[in-house]
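Two complexes follow with chain A in common, the first pairing it with chain B and the second with chain C.
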Partner chain A sequence: MEKTLQLPAGIKKRGLTRAQREARRAYMIILPYYIYIAFWSLLPLLIGFFLGFTEFDGLSGLPKWVGLENFRTFFATNEYLILLWRQIWIGMICLFFNTVLSFLLGLALNVNFRIRGFFRTTVYVPSVAAVSTTTAVVVALLSPVDGGLNKFLEAIGVQPIVWNYSQFWMVFWIVVYFVWRSIGPAAIIWLGGLQSINPSLYEAARVDGAKRWQEIRYITIPGLKYIAGYIILTGVINVMQMFDVVMFISRGNPYGKTDVLMYRIYRDGIQSFNLGMAGAQSIVLGIVTIIFALMYFRFIVRSED
Partner chain B sequence: MKKLVSIVLVLMLLLSLAACGGPDTPSDEGTPSGDNGASTSDQKDKTDDAGGEKIKLSGTQLGYNDDQIAAAEAKEEGLTPHDEYYIAVRKTIEEEYPNYEVEYLDWGWAETLDQKQRAAITAGDPPSVVAGETFMPTYANSGILEPLPQDIVDAVNPSFLIKDKNGVPMAVAHKASIFMLFYNKKLLADAGLDPEAEIKTWEDWQNAARTVTEKGNGEVWGGGIPTFPHFGGSLRATPFFRQKGTDFGGGSEINLTDPKVIETLEFIREMNAYFPAGLGNNADEGPLWEAFEKTQNIAFAVNGSWQAAGAERNNMDWGVAPLPLPEGGQIGNCMVGAVYVGVPKDAKNKEDAFNLIRAQLKEENLKIWLEETVCVPLKSIIDNESLYADNPTLKVAMEAFREGTYTGLTTFDKNDAQIWEIINTKVLARVTMTNDPIDQICAEAQKEIEGLLK
Partner chain C sequence: MGKTRSRIIMTIWLLIMSVVAIIMLYPFIYSALAGLNHKDDFGHLGSLLPMPKRIVLSNFLYIFTPNGIRPLINTVFRTAWYTVNVCLMAVLVGYVMARYEFKGKKFFFAVIICSQLVPSVLTLIPSFVMVSKIPFAGGNNWMGIGGRGLINNILMLYLPFGWNNLLWVFLFIQSMRSIPRDLEEAAEIDGCGFFRMIFRILIPIQKPMIAVIAVNTALSTWNDWMTPFIYINKIQDSTLPAYVGMLTAQLQAFGDRDYPKLFATATVAIIPPFLIFLFLQKYIIQGIASVGIKG
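Let's look at the complex of A and B:
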């Protein structure tokens, strides 16, 4: 039998409402995770922000406050702006192909066939393989003399290509690798979205004589709007932070033509120990990323609402 | 407030390392390897048998810790001279300084080591001995190192020292090399050249490389000066600039518009024609060394003393010579593969820390390196030719050390790594990847670097 505690007479209960108690309980549950995230994400973010206004090499003394000097260098030096622009256009090519191809893959995985489960697992594998290992395979394939790709070209009578002499080819392989690695998780999310669409809508469309393309145009795509929003938003953030693929595949070559801002931040920060400049670049890149995200929200998601 | 800022900075560096460092993986065979920063921490807080307080010391690239010894002893092929040296140093320290309690840190090599050392230095608690290669001149010039004692300076060849801006020796290498010209005798003979003929000048080398390439019909190549778009390129190119009496600059200066720099770059571009396209300036060095050692279709290689082991391992009929000189040029080279050690000013027990370096420089320990064709700093070894009479590579290298003094790559006051990257990619690699006018390449890079030096 359930017991109910009674307050003594004369004492007015001033406790929290049920909603407040639930909220407090929820906050207590997430508190340890919040502290963890604050320590590993928020604190470095704040310190990085602070460093953007200093000159500091991690060796000789404390950071020297230089105000906006690092930002002045960023905008006055053409080199940094070129790297920012390259981060944007290479990133957007990656994002475009990854979004479109993962959508098509998601559609394919949604078709009923016997070994569908096997294929769903297979497309996810590249994203869990170590970047350093898989890029080493790509680099070996692209080797100008004994690389697998050139051997193949020679075998079919095509002149070998010195891949690393060409900005076009190095960007091409960066995009290919990025999409190969990222397509699986995005396709699985698309698939989740596809399976959440009410099948009766398709049945009704078929009764009305809709063709397959019309089903996709009028049922599938509108039904995936929020999934698309998630994939594109996280995709924008990913490509604006992309540097490992560049570092491992091209190292910014040929002669800096595939270098991007995020890779430069990495090098300024922990190779040159120009931590102030690295902080300033991070702030600029962060602001640009936020602007892109807001623009997407404002003009694409909200306008459709 | 200052203390608070220090704590925050240390936290920041630690967080950066946690985020970017990843597990410690030794970069190559040339550096001590083993666990992930494990140390003999189980020995901490002990007192000696007499009951007195032990002197606590620590160091990177100093000697092997227990885990590293266990890993070395577990190798099927047995201990390498590299392993034997670092174990011997530890043994020397334990025998000669029983009152020392030493933590043998394995903090990796290159960037990983630099990051960890800087974090410790910023925290005000650096190891007793810090180590490194390309970044050690920056440490020396930043005033964070204690000057080396005179007995160490007097005992070693000056090429093995790093001096600060005022010429005061701050760090010493217990191993290093310079670049030499290795060649495949069979390929030279196949091309109708005399493999025993001396290659003394740039012209001799260029003629030989051209002949091998022409006779090779697209299968065999002469080889030239590698311009890999990273330090592997600049290290190998630098000796040729120094032979012309010039360099890339240093400190707050950049010197790319010097006519001698441009002349040297023209020679580098001409020599690149004797590589298969894309091999001498590939980001991955591996295919070039494989072509020289394994497939043996490149006749010449500019490399350090370790190349001898690779040639032997692959049963190559090989020879070695000093780098050829330009007409009217001077002897010039660049230290490479060096492990420099120094004592930070903020280290505790600094005098004892120098004893650890003395243990590394002990003659019987350094002689172990000779088995691996590695050059060592002690004058007593360099001057005693009988110790390496049967090793042609060491004979060439040690003679060079007796005849001249060399330094590592020049260092810049600001943005050193970034400046070198511009030199590696936008100067050296671009010169060999494109037909762009060299003076234009140099002018563009000069302008960009000047901005970084402001």
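Let's look at the complex of A and C:
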């Protein structure tokens, strides 16, 4: 072990015993933490790969090995595929509007007015409150009888809408809530990116007689590529696992038309103890998420050239 | 001419931003007002701003009665527990990884990076299974069968510690790079022990970074309603945001709906993170900036 240790120049002088002492201390600090974390994260990950190939109700006895049966059920019937597809399209709508609107908000905040700080704070506030504490407002407003929104529509002479019976409107409100809550941090990250662009680039462009949209097209957008990559990449991973907003706002209704795969995983696993099937769905959704992330990652790397 | 034009632009900007600000704050105002209503009134208000017909404080006061205060106390303890522990881990592990040379350092570092990319869907259900099968807990035998493990056990508020916390180790390592070794070396020559050096020298120097870690951990722990929601059914052993989650989930089911109680509880659950954000904004913004832009 002594021979394989690599020592930086500064430490070498003082001899190997010191290096050994440092290594021992490092392991004594790192290993307990890593082992404990492995128990709560790595072990479940490994259990998860196993779980998908079993039939298990969590109560009686041990899981029964069924091979690929759960995956066959997943891909043979429309039941699960439709939920996967819905997770993707509802998620992508959420992500699209959040990315575009947060960018516009970032642009709007990138000014020199004094009051900017106040607006920056208010925009961020929704993400400081837990999802569970703010969704009830949407539910109360959309309530079919005596809901605030319908009474308001009536008051201004518009026909009230039975929101809960329409897939379109429930998806609409899910997206509105999602954007309301997630726009702040994204806008702040965009803003940070906008401010990191060298101002002399804009001056040079102005000297060359560039128009405002040309500045955005040729300076701002290329300068923000990594920021955009980060926002979309974390956004993809985030929306592919979103179910809390759906659970609280629509509960997958009307008639399961806003149900998404992640919500089904939650219900199968934690409410109906159909653990094998929940495990198999988790594996499929996890792999799809990773594939999406990698595809996007490659797309950024390729556009580099 | 140029001046009037810039004034017009400023006015339009102000107008748009004010509308945005109102939309952003509206649900909080709604919650606070709704919490002041009487249960019987609320259902018939049907307005965008639920102005109370008669102001009722009992919904808010209930949370501070001996029966109702447990979730709040649990949330406070849980937040303090994780804030201290995550900071301690970030400092100790981060310091050792930044300064010491030892075999396997690259591996430990790679674990941090890779773990951040694993979608949490892959561990949600298996964790639940694992927790219910922990041997000798909650009536389980040595094989983990027979009981309910740690499900519904208040310890689940304090024990789980996943690899998402390693993100802060990563940021601490990054911030160590900008600090010269001189002070540590001088301390060592003076015969200062490892932990003394950490607490007397390193932590004071690294205060800004530790503040970023502490504030962000405190916020995310307070707001983590999902863990208690999944593992604990008893309101007494749950946290405030998880309790609000239970109430919200019940709204969709048929039955008696006590909106004002829900909104009062939600408002109380929002106030602490709101205050943390208001006064310690700097560290939160710095946190997302360092995660988003450097990372």
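Rule of thumb we're sticking to: the second predicted complex is superposed on the first by the 263 of 305 C-alpha atoms of A that agree within 3 Å, B and C clash if a C-alpha of one lies under 4 Å from a C-alpha of the other, contacts with A are read in each partner's own complex, and residues count from 1 in each chain.
We take it that contacts are C-beta pairs under 8 Å (C-beta built on N, C-alpha and C of every residue); 3 or more make two chains touch, one makes a residue touch a chain.
These numbers were taken from a predicted model, which means no experiment stands behind them.
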So, after the overlay on chain A, do chain B and chain C clash or fit? They clash
| query | Once the shared chain is lined up, is A:193 touching chain B (first), chain C (second), both, or neither of them? | reply | second
Identify the partner contact of A:30: answer first if only chain B is touched, second if only chain C is, both if each is, neither if none is. second
* Asked: In the superposed arrangement, which partner chain does A:272 touch: chain B (first), chain C (second), both, or neither?
  -> first
For this session: Classify the contacts of A:165 with the two partner chains as first (chain B alone), second (chain C alone), both, or neither.
Result: first
Winner on chain A touched-residue count between chain B and chain C: chain C
Considering only touches as defined above, state whether A:255 meets chain B (first), chain C (second), both or neither.
first
For this session: Would you sort A:40 into first (chain B), second (chain C), both or neither based on which partner it touches?
Result: both
Just checking: does A:246 make contact with chain B only, chain C only, both, or neither of them? Give me first, second, both or neither. neither
One more residue to check, A:224. First (chain B), second (chain C), both or neither? neither
Give one of first, second, both or neither to describe whether A:146 is in contact with chain B, with chain C, with both, or with none. both
Interface residues of chain A shared by chain B and chain C, listed 40, 43-44, 47-48, 51, 56, 58, 62, 139-140, 146-147, 251, 253, 266, 269-270
Within their complex, chain A touches chain C through residues 1, 4-8, 11, 19, 22-23, 25-27, 29-30, 33-34, 36-37, 40-48, 51, 56, 58, 61-62, 105, 108, 111, 113, 115, 118-119, 121-126, 128-141, 146-152, 180, 184-185, 188-189, 192-193, 196, 227, 230-231, 237, 240-241, 244, 247-248, 251, 253, 262, 265-266, 269-270, 275, 278-279, 282-283, 285-286, 289-290, 293
Note: in the complex, chain A contacts chain B through residues 40, 43-44, 47-48, 51, 56-60, 62-63, 73, 77, 79, 139-140, 143-147, 162-165, 250-256, 266-274
Contacts from chain C onto chain A in the complex sit at residues 10, 13-14, 16-17, 20-21, 23-25, 27-28, 30-31, 34, 43-48, 50, 89, 92-93, 96-97, 100-103, 105, 108, 111, 115, 117-130, 132, 145, 159-163, 165-166, 194, 219, 222-226, 229-230, 241-242, 244-245, 247-249, 251-252, 259, 262-263, 266, 269-270, 273-274, 276-278, 281, 284-285, 288-289, 292-293, 295
In the complex, the residues of chain B that touch chain A are 2, 5-6, 8-9, 11-13, 15-16, 18-20, 111, 114-115, 118-119, 121-122, 138-139, 142-144, 229-230, 276-279, 281-284, 287, 290-291, 295, 414-418, 421-422, 425-426, 429-430, 433-434, 448, 451
